[in-house]
Amino acid sequence: MTPEALARITDSFAAQTMMQTLGAELTEITPGLVRITAPILPGTRQQQGFGHAGLTFSIGDSAAGYAALTMLPLNMEVVTAEIKINLLAPARGDRLIATGQVIKPGKRLSVVTAEVHAEHDGQQTLIAILQGTMVPVPR
Amino acid sequence: MTPEALARITDSFAAQTMMQTLGAELTEITPGLVRITAPILPGTRQQQGFGHAGLTFSIGDSAAGYAALTMLPLNMEVVTAEIKINLLAPARGDRLIATGQVIKPGKRLSVVTAEVHAEHDGQQTLIAILQGTMVPVPR
Amino acid sequence: MTPEALARITDSFAAQTMMQTLGAELTEITPGLVRITAPILPGTRQQQGFGHAGLTFSIGDSAAGYAALTMLPLNMEVVTAEIKINLLAPARGDRLIATGQVIKPGKRLSVVTAEVHAEHDGQQTLIAILQGTMVPVPR
Amino acid sequence: MTPEALARITDSFAAQTMMQTLGAELTEITPGLVRITAPILPGTRQQQGFGHAGLTFSIGDSAAGYAALTMLPLNMEVVTAEIKINLLAPARGDRLIATGQVIKPGKRLSVVTAEVHAEHDGQQTLIAILQGTMVPVPR
């Protein structure tokens, strides 16, 4: 990827204050695949003390959206039209790792998926899968 | 609703640190319907400055889950099995209002929906709809 | 609705051979709402003898799609980008009634929902809800 | 797989009259993966002459459901709680091939996915992906 293509994504990510609140970081950007990791902070938990579904969703949705963005012209942004999450296991552990992928890029719609793993004592468990639709919009 | 039934929900909500981070509040609890409101804080925005989809999702999912919980015995909790969100418009304005409802309560599964409105200068706009499945689990 | 607007929908429906195979009929067309009914035929059942989820889906999806089409210019068709179905109860009875509605019409995307009821001895039971996205395409 | 485990699936499939109406066949059954193929018949088309989304859904949902069933005790059946389909391309060609897989088996819920390809002049195109939840029920 070109520096401009990378910067578009890192700049957009940096502008999402929600990602900072969640402590999330962009850890991989390749054409069609983006990875975001986030710690399970004291302030992002659900009632049993595990990571909140909103945390899992936020980084899964963002990883999927940025994966779609890697396949689009530089003058475009992307927004989520819809996305569905199936939660497989509690978000137990130290941090979450979301991996978004493009299944079908498109000028009007991009279909994407994401997986979210929880890392606990160095072991990763798949805790959620997402399937959604991203819409390109002019920047 | 009995004080015990209300307390189960307010206690569970208070234990979700994510809700505090988002500034969210429980504003209505009736059998089969729960409403949660949250401001669009400086720290919960996306790259264009609107409320983040993760904020919209978090309060929509929680409102739907607690709506399911209002229909379950007092010794039960509820977790999200899956939920889908369609985003209709940017989360523009001062605060979001999520209204969760039970479509079909059940001992094994509860089917729920939620609507999220954004309030801007006193006017409400529907910005998201959710449809999902909650699973009762022992407390 | 104008005769042209009605004919666009009845013609498109008549061209769907699947609807004939399922015995489905258009029973209501108003701006933003379309209703389709279908008998539970001997040839459209699942392994327990109830109506097949594919039948429920087919008429729910079509009702939602045509509901979207009622809101679009006459030179447009509509295709399903994605749709999700939650099945609430077995499709038990004589016939199914699917009611599709537009939640948010749009030039690029229309967000729709549908409900499907089963009619058994004159009584209707809600058996499925759907939530999806329709995409306008030139005819 | 044991003959009993295979027979449970082939018997259940044979009892689904919808599968016969669609001309569908079970073409692969292994633990965690089931494949179903169906021709695009004159009677299972949409208004533009391509395979109907209800056909794509029916075999995708069934392949995913039977994939879940391969992982369950012999005295169990499975029903779809919910499933979402993203349609990627028209169902153009001679036949469709649906491949269902288990992402997370479970006693209460199984999370599944499916892919549907269309075969046209010997070439396969991915036309749909599904993500859903199956519920085990006593036979």
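Per-chain numbering from 1; labels A, B, C and D assigned in written order.
Here, a contact is a pair of C-beta atoms (placed from the backbone, for glycine too) under 8 Å apart; a residue touches a chain by one contact, two chains touch by 3 or more.
What you see is a predicted model; the values in this text were computed from it and never measured.
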| request: With contacts defined as at the top, give the pair, A-C or A-D, that has more of them. | output: A-D
| Which chain lies the greatest distance away from chain D when centres are computed from Cα atoms alone? | B
| Whole-Å gap between the CA centroids of chain A and chain D | 29
| Distance from the CA centroid of chain C to that of chain D, rounded to the nearest Å? | 21
| field | Intercentroid distance (Cα basis), chain C paired with chain A, Å | value | 33
| task | Enumerate the residues of chain D that touch no fewer than two other chains. | result | 81-82, 84, 86, 111, 133
| note | Counting only contacts in the complex, chain A reaches chain B at residues 12-13, 15-18, 20-22, 42-48, 52-55, 57-58, 61-62, 77, 79-87
| Residues of chain D touching chain B in their complex? | 81-82, 84, 108-109, 111, 133, 135
| Contact footprint of chain D on chain A as seen in their complex | 84, 86, 88-89, 103-104, 111, 113, 126, 129, 131-133
